[in-house]
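First chain written, first letter: the chains are A, B and C, and each begins at residue 1.
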């Protein structure tokens, strides 16, 4: 039983990472109906920003304030990166055919990956620990402080995002734009600004995920965003694309499914399980767990 | 219609033919090729080996060269990927017209390249690939290290007899032949020595999260976990196993040997063991001289891969000298007859299976150092 | 009919002569570097991949990013048969001289690979092609990965360690034979009434359905043909490099093929050929600047999408009738 619980903990911790990344996917898709292929790579950039910040400002003792500062720095940098990507790569093709923007997204993704290999070097790097490492024993289940942090942060950020969308004016504007972009423009909403904010938020969350994962599993490399990004996208679809709490639920489910597949089935199917879930969901319930059915208009 | 298309095709090819020219075989120097993982998941393997072989050829060139000509080493990076190893070796043979090939460390990559060398009748000497299948590819493929049959048995003997442990769990890399092969030998021998394999899990090279597998292994309460993988994953596995509260020591093979192992695994590796080809602490004068020279040239302590790279290069050069020619078949024959070669990693004799029979050295990881534990002789 | 057979035989003979010439067997000593020959041969394999992908992406408008999966199936199936039954099959044809004998075995194993890939294409296509646009892209990508992971777990084909020792049955001649064949086949399809069905599906699927077109059936058929061709490309690839590993068939490979057809122009067969050749020329030309290569390609992709999404050729062909340029369907809206 304790093995089962331990695997559950492992799964929730992994799933929280997917959830954080999925939030960005779901927001951008909700607004632009665009799968931002490059989102997973922003997560990678976030991890590297954290890496360079940690090694640059070396400290003797790991401490919480330092860890938080590094995470916030990474979030800010990647938020800016998200805005830049949107402005220069996606906005020019916003009005074009779907395939065009999809291919552009693929192009940006490749650019970040290969640019990362060029800039950071293709070899994996090992993240120094920034926060004090502790272990907790709860009912014979071991939880590390990193795992706990990841889970708590993803819950907090999801709650923050929900509150932001429901309660603030900008949030309301985001909802309006996701409903109907042209009508929102007519209502006086500056859609360009809202879209930029959406990208900034999503990218910031991905960066947070990157830094957190780097603290928990100290290995980072320029291609780490590919698989995690895809699985996070599956999580977003699973939860209902465009739906914020759905992204959290989807992420956790995918994380748990992956860990259980590795532990009880076979580790070589680790990557396949997410895609199997994707195909299943798209065939049987394409709107996802919490999504609404969208009729295609002629 | 089709004629026009064929015509266009022929035209393009004519142009291509014009700028492609066949490389001439240089008679002014001896060109040796080396392929290795200079980048990628196991980057230190290729870098160390390259350092070792470069140092060897430098020494040879400074002493007057080989058969009166300088030796030129051409190194190709295979990015730690087997398909790139195949491409790299093809390029070395076709484009650089190498007389012989050194490489690789990882058995999977050696296995990808060996058929190509064998088919082209170019002798290939692997410094550190330990999977038995590598030299079985053909009579042009040699190795200067022990095979995993020996290594797995030594590991099992060490665990059962020296550490006196009875229950082992296995965590191996399903992605490469080395790990798969070594694990099979260990499991078989450990049982022969009276031990029991209580659990088994696998992972893929490149993975970074092993918690699911480790959690499963923990529930079987092993006394030792055998991890015959490469250093990048081993370090992370060590860390995560301690996070999960597993206190059993880890045991592994020569794939652990890297200057980066401690950087990755840290304190989690204290009290863990692995088998290797040589120990830096070996007081033999030849070893100490090599260590000193290497340190002087490259600034850090040589690992076993550097030592094997050094030995492999020198054995190849010695074979070329004995054959008095760079003809593939003659070099192959000379390699097969290598006897009692005084290498840094021991006295090397190539047996009829084109393998070297050498002792296995057991090392313990303690505070960033690899401490010599014992030497297990072949067949002992 | 006789005329066609004569042209066919002439092409085959020309390819054989060219291959013998280039590899130095005809006139020993006069040959191009084996490396350049390899590049040209791989370019031919790319042509098959690009042209077949264009059938489904460019002409049927279904965005698939799983092409590498079908290539993998073709490669592994044909390699499995060659490695295990190659010598027995060669004995069957022992009355033939060496060249045609190996060629006969190659054709057999390629056929096996193509059939396997076609079956896979059917199994993937039927559920996926019900989906639209982005979802189809992701699902095909997912299927491509599932195929790869599946192969990774089959020990009989080497599993995670790759499959080696594949006899080198394919060469420049065979690769270009199939490259030319694929161009001919696809252009035949596109210029037929079935081809017009595909274009109708591309332009406006709902309207086509309303006009009585079996859109799902058309999509699946073109998907299956496209997969079979990818399977042949995979088989040729395996028998040329003599070693294959699932690492060569990831979705990054699928994306490479997409870059080729985007570069050349998605609605044009000539465009695919041009894109495929251009891609490998640039790749090899930039070998010296290896690290900048993919960065350059990604930039190129983005720039093309922004400034010239129709690629180099657009919808135009070099030979044959010009097809009418398709209009982008415009969304009626008030430009704010």
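Everything that follows uses one rule, which is that a contact is a pair of C-beta atoms (placed from the backbone, for glycine too) under 8 Å apart; a residue touches a chain by one contact, two chains touch by 3 or more.
Source: prediction; values computed, not measured.
Asker: Which one of the chains is farthest from chain A, going by Cα centres?
Answerer: If we average the C-alpha coordinates per chain, B ends up farthest from chain A.
Asker: By the contact definition above, name the pair with the higher C-beta contact count: A-C or A-B.
Answerer: Higher C-beta contact count between the two pairs: A-C.
Asker: Taking each chain's centre as the mean of its CA atoms, how far is chain B from chain C in angstrom?
Answerer: 37
Asker: Quick check: how many Å separate the C-alpha centres of chain A and chain C?
Answerer: That pair's centroid distance is 34 Å.
Asker: Provide the C-alpha centroid distance between chain A and chain B, rounded to the nearest whole angstrom.
Answerer: 38
Asker: Among the residues of chain A, which ones contact at least 2 other chains?
Answerer: 266, 268
Asker: Where in chain B do residues touch two or more of the other chains?
Answerer: If we look for residues of chain B contacting two or more partner chains, we find 174, 204.
Asker: At least two other chains touched by the same residue of chain C: list those residues.
Answerer: Correct list: 160.
Asker: Which residues, counting only chain C, touch chain B once they are in their complex?
Answerer: Counting only chain C, the residues touching chain B are 7, 10-11, 14, 18, 22, 24, 31-38, 40, 159-162, 164-165, 176, 180, 183-184, 241-245, 247-248, 277, 319.
Asker: Can you check the complex and tell me which residues of chain C touch chain A?
Answerer: Contact set of chain C toward chain A: 63, 127-128, 131-135, 137-139, 141-143, 145-146, 149-150, 152-153, 160, 206, 255, 258, 262, 291-292, 294-295, 297-299, 301-302, 305-306, 309, 328-329, 333-334, 336.
Asker: Where on chain A is chain B touching in the complex?
Answerer: Those in contact with chain B are residues 2-3, 6-7, 10-11, 14, 121-124, 126, 135, 137, 142, 144, 217-219, 224, 258-260, 262-264, 266-268, 270.
Asker: If you look only at chain B, which of its residues touch chain C in the complex?
Answerer: Chain B residues touching chain C: 1-6, 9-10, 12-13, 16-17, 19-23, 81-83, 86-87, 90-91, 94-95, 108, 111-112, 115-116, 119, 174-177, 180, 204.
Asker: Give every residue of chain A touching chain C within the complex, in rising order.
Answerer: 33-35, 89, 92-93, 96-104, 106-111, 113-115, 117-118, 182, 185-186, 230, 233-234, 237, 266, 268-269, 271-272, 274-276, 278-279, 282-283, 286, 296, 298
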